[in-house]
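So the structure is just underneath, and the comments pick up after that.
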Amino acid sequence: MSNLDVRNVIAKRIAQELKDRQVVNLGIGIPTLVISYLEDKEVYLQSENGLLGMGPPPLEDEIDADLVSAGKEPITLKKGATLFDSANSFVMIRGGHIDVAVLGVLQVSIKGEIANWAIPNQPILGVGGAMDLIAGAKKVICAGTLFTKNGEAKLVKELQYPISGLRQIDLFITEYAVFAFENGEVIIKEIIGDLTFEQLKERLNIPLRQEITNIYMN
Amino acid sequence: MSNLDVRNVIAKRIAQELKDRQVVNLGIGIPTLVISYLEDKEVYLQSENGLLGMGPPPLEDEIDADLVSAGKEPITLKKGATLFDSANSFVMIRGGHIDVAVLGVLQVSIKGEIANWAIPNQPILGVGGAMDLIAGAKKVICAGTLFTKNGEAKLVKELQYPISGLRQIDLFITEYAVFAFENGEVIIKEIIGDLTFEQLKERLNIPLRQEITNIYMN
Amino acid sequence: MKNKVIESINEIREVFRDNQKILAGGFGLSGSPLTIIDQIMELDIKNLHLVSNNLGDDGFGLHKLFTQGKVQKVIGSYFTMNNEAVMAWSEGTLDIELIPQGTLAEAIRCGGAGIGGFYTKTAVGTELAIGKEEREIDGERYIFEKAIKGDIAIIRAKTADLLGNLTYHRTARNFNPIMATAADIVIVEVDEIVEIGELDPETIITPHVYVDYIIQTKYTKVGESYVKS
Amino acid sequence: MKNKVIESINEIREVFRDNQKILAGGFGLSGSPLTIIDQIMELDIKNLHLVSNNLGDDGFGLHKLFTQGKVQKVIGSYFTMNNEAVMAWSEGTLDIELIPQGTLAEAIRCGGAGIGGFYTKTAVGTELAIGKEEREIDGERYIFEKAIKGDIAIIRAKTADLLGNLTYHRTARNFNPIMATAADIVIVEVDEIVEIGELDPETIITPHVYVDYIIQTKYTKVGESYVKS
């Protein structure tokens, strides 16, 4: 698969996790691609720069530079959308009112801790709303390829990258499998790609259990 | 003077202290009467239940039970009025954005501390926004008759009533005089009633200095 | 789409239990969810803890709920005008926690915002600061206050769309928008319910994410009063 | 009535000084006071401390002010995309204080609200919590954050009435309303200025008490960009 395909496979699988009426915040990168796979699901997208009810990108002649996503891309308003200031946006995020945050990730530990904001030994100059979403969202789904460009697994025994918060995420969705984190265990809920459970276990070299359930049905 | 007259004398004198463009919060009681003496001064009245730009009472057929003052009296909106929730109302009050709070008072100490919310040995069951206004307003003017019904002075060496906050008020305006509190001193800025400075000094039995200045001119 | 509109809280009877903390909007009767309060009076529940600026007016709103005997404790800023509350407090049948109005508002807002507590300058040095931690920040004295959250919030708005987006009317806004953020279940009573898209996005005060159930009010305003229709 | 409308900050040159802390609204360029920033660039001041979510876009807004050398420190949440800021930080010519976006927003709001500081759950256990007081409240871990205030706030709104009441447009609202409350002097740049009474009281976001000066913007939107007219 090309890199583009891989990202879309992950995004599509994440879309299946989202349910009607959920309020969802999509991070930058793969999470943004999820929009394309929502089909007619009635999901309400929150954007931390002050919007609930983000609609699809505008037509060229309808672009408004003052209607943008947190990724600073032009967007539209869906019916029933609301606008608010940054303080109130984070009341919504940190206060536990977002049903699902979908976040890009650099590393995930076997305890479900994540690193998604900083790279060791490099200047740490950006965090945005990532830590607020991790602290506040009811459910956190992380999106990412399972391996780095150098072939290193992103699912690791201990984070080498700076941690993003104490919170254990719910799911790590990759192009190979859906990983859940429950009671200190990593559980493969679904195999997506062409590696078997045994192959994944060998490549990742972490304790792993398989428990295939159709978790995304409402 | 009748009690009604006395209250109006105080209210009228307080009105003279207010300046064009000031944002003012008027407490319940004598402070509310100040409205009648504002004439064409462009003062913006804030009401802690969520309003800036309180207008005069409505005509009988224009009463809206959902447009009331903090004293729960029907009011109107002036041009340029704004509405906000209670949290934002106290951002305005506690955050130092109210130019003048005019408050009723039970006692004022010679240090300019006030007691205006509770009576000793009685259940303390109401405070409202009094302490927020005292903590936050740029200037606090207190309104009250100088003596209780029993003839006891309200301006005292030490408060016997529970204090309302650490803040030293700026002026105590009574039917006899305007008292200012500066550098630990009580200064009579103006004699209003028919007691002379010497008579006031004797009846109050506190250190008192006279310094008549036309303080209310802009 | 799940419909948030209900006729009566009887349809969601299971969310009400003894000993719950209920946030109730309103400043006096303005912005008070009178219909919802009437319906709570019909429920067989007890020992409620109310968080509300005050206790309605004599014979109206929360005052009725309190005189009915359902209330064990009230947390608010102003109960002096309510003779029966004062009496019940004196007799030890009602617990009252008095908080300055601005501190109450801020504590509720923090409860909804994932903020655990805050330092306010209000009430420093007074009886209401007794037992509270004091801290100096940049040379000024502050006291610590904990955030307030509720099991249920009952609030009043003007218009709801079918999603649950809310607008308010005049000073009936007061505590309602912040209470909407600070409880597990939020029930709003409104004058009118409109289609999605009818409210201007710029003017919606409470986004729908905060609202669980919508009830059409049974009260209308007549002069200074609210009359059950 | 004193007129709050000014042509340029040159008319209030005296409020700007070296070493001031300036709160600047905007998320990227949306809601950024581009005209005021242009005018600040003309002033002979230095060592500014900026509080802003990020530093504009390359060549636009705060980024210009920073590359001009007027900025000593920035406090915000996201500077990674700004190569020159990263470089200046590496070389030690720019001080950066990184704060999670929600903590930044809350700290500014508290600055305007007379709240000295607050406990947030955001960033607990991370590098951004190092050196910060931690406290457990009701079984959850929080860190302490101090309120943020500024000497001057420069903000962007859609419409001002002559009193200074403000409405905003879409996601250009962002940090602007809270920054309006948290500085000694507040200067707003707007698309249009209208008579008092033209704005619906229910829809005004920033009451006039927070606004000191109003400037008509010199920028218009063309597609995704802002163009100086």
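Going by the order they are written in, the chains are A, B, C and D; count residues from 1 in each one.
What we mean here is this: a residue touches a chain if its C-beta (ideal position, glycine included) is under 8 Å from a C-beta of that chain, and two chains touch if they have at least 3 such contacts.
Molecules present, by chain and UniProt name: A, B = 3-oxoacid CoA-transferase subunit B; C, D = CoA transferase subunit A.
Bear in mind that the values here come from a model prediction, so they are computed numbers and not experimental data.
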item: Between B-D and A-D, the pair with more C-beta contacts; value: A-D
item: Intercentroid distance (Cα basis), subunit D paired with subunit A, Å; value: 29
item: Whole-Å separation of chain centres (CA-atom averages), subunit A against subunit C; value: 35
item: Separation of mean Cα positions, subunit B and subunit A [Å, integer]; value: 55
item: Contacts with 2+ other chains: residues of subunit C; value: 106, 109, 113-115, 120-122, 168-170, 202
item: Overlap residues in subunit A, where contacts from two or more other chains coincide; value: 77, 83-84, 90, 93-94, 135-136
item: Overall pattern in which the protein chains touch one another (line/ring/star/complete/other); value: other
item: All pairs of touching chains, each written as two labels joined by a dash; value: A-C, A-D, B-C, B-D, C-D
item: Residues of subunit B touching subunit D in the complex; value: 20-21, 23, 42, 44, 46, 52-53, 77, 79-84, 90-98, 135-136
item: For the subunit D and subunit C complex, residues of the former touching the latter; value: 106, 110, 113-122, 135, 137-138, 140, 142, 146-147, 167-170, 200, 202-203
item: For the subunit C and subunit B complex, residues of the former touching the latter; value: 27-31, 53, 77-81, 85-86, 89-90, 96, 98-106, 108-109, 120-128, 141, 168-178, 205, 221, 223-226
item: Contact set on subunit B toward subunit C in their complex; value: 47-51, 60, 63-68, 70, 72, 74, 77, 83-87, 89-90, 93-94, 118, 123-132, 135-136, 162-166
item: Touch list for subunit C against partner subunit A, complex; value: 1-2, 109, 112-115, 161, 163, 165, 181, 196-197, 199, 201-202, 204, 207-210
